[in-house]
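Okay, got some structures for you below.
Below, chain A partners chain B and then partners chain C, in two separate complexes.
After this line comes the complex of A and B, so read on.
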């Protein structure tokens, strides 16, 4: 009788350890899949796992950018607009043909875009140059956001909300809502190209059906992993990363400690826009068109939701790229499972909203538990 | 609820009367659609789902809520689930090309309903002859405008165009332009962009009407914008019945229940009609045929010739229009 409180306390400590662990969302994802797999066996089929991974990579890159902004206690609502604008810009430069019926009334027709395509169509390294142009555009967007927030002390919410309106409208105006297709194969490969594919089973027929061949290593995977690794090093292994988190914890204290707060804030918004551009590049490549409507709808909910589910605090000062990785993974697995349950798109969005709310509450709980432990 | 029951009954009746193909074995069919925002899409969705279900096939429904990336992911999910075939209503022509390629490269037959891909290289495409239908409907109201004006008067026509990333929108615009070209030098045309969005259409039409309020004829690329047009014209005293002073000859395209009602009331003069039931039947039959034949990449264009319902042929052709059938069944009743 007298020994029972000790194991109970140990159990409670272990539960708290688990909750505070970096891998909590990973464990949650594994538990979620194991729980559902008997009822939804397609969840663990190779084809579905390939889909889950494929859907993860672009979202992961954008969410990493958002993680940096959340880490300073901000928010970037303009990521969707950055995706739209940069995808349209890149596509316009490299498209091989444009239909006058769609684009003749656009402001870029005749001087930038013609029926023979964009200025970099067929040019050596045209894709690289187009990506460089997209990068410049993203940096400009990030600079505008960052400078407005850092120099004028404007709230990130309103600055990026306005930026979202302006840049998405600008993207729509540029193409008059037209989608820019006919992109070169080199560009499309970045969004859907396989590097290593696998086939399970004996080769009994001369031709293996395409649906039996699974993508293992893809270009989006390599790009996303490189971005994630670089971001992880930057946020969690450098002085810059420490300063980002310090600003999120207490901006005044960071300033007094000699952190160049304005520069860091500007750099963070530039990083966010650049991540949005890279994610947008993958979206445009997988959809084989630059689209002024990319990044619209509930996309931002997915991005912020995935980062928050991972454990990044909405109050700033607490963020890890690995958390965002697990958050995106859980988010995509959840979306896949809800779809497999044949729920409607509206029901899926409601469930997603509920889970993001739970994640935000969990963030409050984890913060409290950490404080109690420190005491 | 009452409306739902009425739609169900009407479409079940329609499905039984058009005589959809017989079923040999139950198939698993993915029906991926971009949204159900307008009467046309709601009625199409009901017709396709109910018909497939009645034939004994199971239907996996996926609504992309107008998000092309989500639709691509949904189709990939369907392929991963091992569906036998896919019926697709894409968001636009470019995304249709990508999604059709995704399905056919995975050896899953696909039928594209009503909104065609930017190229016809893969899949079965069921589509209305939008240019011809638009030309007929628009031509009717342009002729009315000319008949009502002095012979040398320069007239002003307004065309509300859809999302020009959608082949249907382009074809409808071309149809309108062909109708205008029959009357050289008679019309100044104001083009109003809608992007297939009522709010966008409202803002742009408000601006156009404010800038140039004298309008002699108007053509909207889709009937779902008639309530939007009404909300712009009515406060300005420009929403008049045919025969009343100041009536603007007005035409649309789709053939929905609202258009039918407005033609009967005299506010609208013509609408191009897509034969929804023919297109639904053709789509269902094409996918079932491909599955039964083991065809993984059937490639065919099935054309819906359509027609224009006007105030002149309303008495004879009313019940050929799907919207009028729904209207008769009480679709717009509360």
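After this line comes the complex of A and C, so read on.
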């Protein structure tokens, strides 16, 4: 074993470079797909890719909101509840009809919701008004979280945990756990509307079956990409973003340097709730219903897991939107491959948990490598 | 006297870069050996080799004349070496006795034998002439007392070599005295001590022998009588300093920058009047707990005060920190690590933190990166910050002196009218101290007002145009440069005289 140590060192350096690069999770995703493709050919079929993408966009938007909160060293557990509440609110306002059998016992029956639907049903620009109302609700939720954390110095964990309890219970109580359906087409289009579609097949067919057309560019994609781009600029290119990261790195130093710490913390929680609401809007539109159970279950694990897999630190100060983008991508690819393996939902959650654990371990490893490199 | 520990040609390199080269010296039994050197001189690596944390690349050690090759820190502890660290390793939520026995509680019939623990603890404490009860919680002790508990733990583990690394940085003068008495006491009981410190007068007072390290090598050694302080400094930095302080290059002008009247916060500061003029360095002296830093925090708007007014260049100031910054104040706190820097962020990010808004362009305040690069690069040159790449190198990778320059540079980018500097040279080695002093002098020469707080009276006497002395939250008097007199300033600080 007399091979010279120099090339080996270079190889190790390259490996460390790769591990520390912004695109590491992208490479990991590609590697994962290439590794599994021979065994699960359906993973790379157009149908599956379209499916993976459609799962990715709403999650991406929510995870971007979470990324900002993680960046200040906080955590927002109430995003799922914000989704539940805003989706129910929006749906109730614009639903075209409601079934008395389901809703007659709800506290909103008779004044907000009748069998003829909600107050904005059939109104001009009703969808826009409903979305505005959802936005206001999200801002209120964010303000409550942010003010509790910033003004009273309460831990974000407990504040948002309580907010999660209260708002998701409130959403359930409003509709007595009923799903509000009969939403107008304008709204539903936001969840699945194609802008560009592709068709693989012979040109001669006179009529193309709907299922043979694959969506390439959809409304959710455009919305999510716009949000991602704006969020990227905001976090990494603006004064606001620099201050967000500064608070995450050293709140005291930021405060003494004149950063408006409290104001920024509040803004970040509002941003998180608004992102949750936009993501929830896309979910609700795709499911064609406002559901008080949206954003429940292990959804929060998906959001935080995806952000952490991307490389955002739970300790604050270290976050990039592009990391979250790749994290979400890896996460949905993994989830889709697991369901393609015919695993049950329980088994999938077990594997997901394991992967998030690995991501947390990886974060520790990367931090250590970075520290060694500095020396 | 025999040698307890001998190092013979000890070397250590990291990735081919030597941290220690061929270091040889011996520690005599029942003596105090002082080790001095600038930051980065190789003291820590050397101590880590003695402590078994780091393996030497070459050379060897003898313990009582026998080969000593520690495989880990546990070997060093077993043989009788104990470290008293800068950051104390005590459990503040546990009692003194519990801390002493943390490595293994004696048991009787399966239960912890508290009676024996308390008895033995009391014995160890009395060996150090400590009068507190072993059941008292460590969190309730002062930093000085905690350090003595740490020494008690070392004695309890039957250590025969105690290594002190900068033990006095967080102690009051009284606690320092007590520590020194304890060290003398330990020596008379046959303990051997290695004492590492930047405070050369302490080294001179305490040590029997001295070893000077520079750039990883031993540059000189001898008995303390052969080493007056100027020689120590010369050996450490390898050249003559021509004095510790740069000459002041300007005279303060008449115009008032800062004016505080009747500042009062019950229990903290009492009726403080203070003026700082353009181009003036005002020294603020006082013992630990005299309210110096508290006054600085009030002046900067970080803490409230019940009564009194502050004005900057004639404009009254109130409200949050931000208002004070925008009016032209800057504050370099005593605690660089926790309040001054984002240790993981780059030098450039740290430099721009206080002036971020000025780099924003357009309605979304997009950061003008070219301007950031230009301004931070200029600041790096101006302050002579030694960093390989200010955009990628994190602040924590810099030496203490360069870190402090970054904190000063952060404010310099705002071009403030008043600088409040709280212990600006704490944790900064001798060579870099001079650079910091020069920077302060330059700021004053450009017309900035400076309020400099320090526990080192020599430093204030070397730099200040005027020294104001505080005691228990009150200003006891002021001394002009031409009347500087150590005895008088100390007497004011101890509250023995007042004007």
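Rule of thumb we're sticking to: the second predicted complex is superposed on the first by the 371 of 375 C-alpha atoms of A that agree within 3 Å, B and C clash if a C-alpha of one lies under 4 Å from a C-alpha of the other, contacts with A are read in each partner's own complex, and residues count from 1 in each chain.
Everything that follows uses one rule, which is that a contact is a pair of C-beta atoms (placed from the backbone, for glycine too) under 8 Å apart; a residue touches a chain by one contact, two chains touch by 3 or more.
As the structure is a computational prediction, the values presented were derived from the model and not from experiment.
In the three-chain model built by superposing on chain A, chain B and chain C fit together without any clash. Once the two complexes are overlaid on the shared chain, A:252 sits against chain C while remaining clear of chain B. Set against each other, chain B and chain C differ in how many residues of chain A they touch, and the higher count belongs to B. The superposition of the two structures on chain A yields an angle of 130 degrees at the Cα centre of chain A, opening toward chain B and chain C, reported in steps of 10. Contact with chain C, but none with chain B, is seen for A:238 once the two complexes are overlaid on the shared chain. Once the two complexes are overlaid on the shared chain, A:294 sits against chain B while remaining clear of chain C. When the two complexes are laid on top of each other via chain A, the two nearest Cα atoms from chain B and chain C are 36 angstrom apart. Partner chain C is touched in their complex by these residues of chain A: 233-234, 237-240, 242-243, 245-246, 249-250, 252-260, 317-318, 374-375.
Partner chain A is touched in their complex by these residues of chain C: 14, 300, 302, 321-322, 325-326, 331, 333, 338-345, 349, 352-354, 356-357, 359-360, 364-367, 393-394, 396-397, 410.
By the touch criterion stated above, chain B contacts chain A in their complex at residues 60-70, 72-74, 76-77, 79-82, 92, 94-95, 97-98, 105-108, 118, 163-165, 170, 173-174, 191, 193, 195.
Residues of chain A touching chain B in their complex: 42, 45, 47-48, 50-51, 54-55, 99, 101-102, 105, 172, 176-179, 181, 209-211, 283, 286-289, 291, 293-294, 296-299, 336, 339-340, 342, 344-346, 349.
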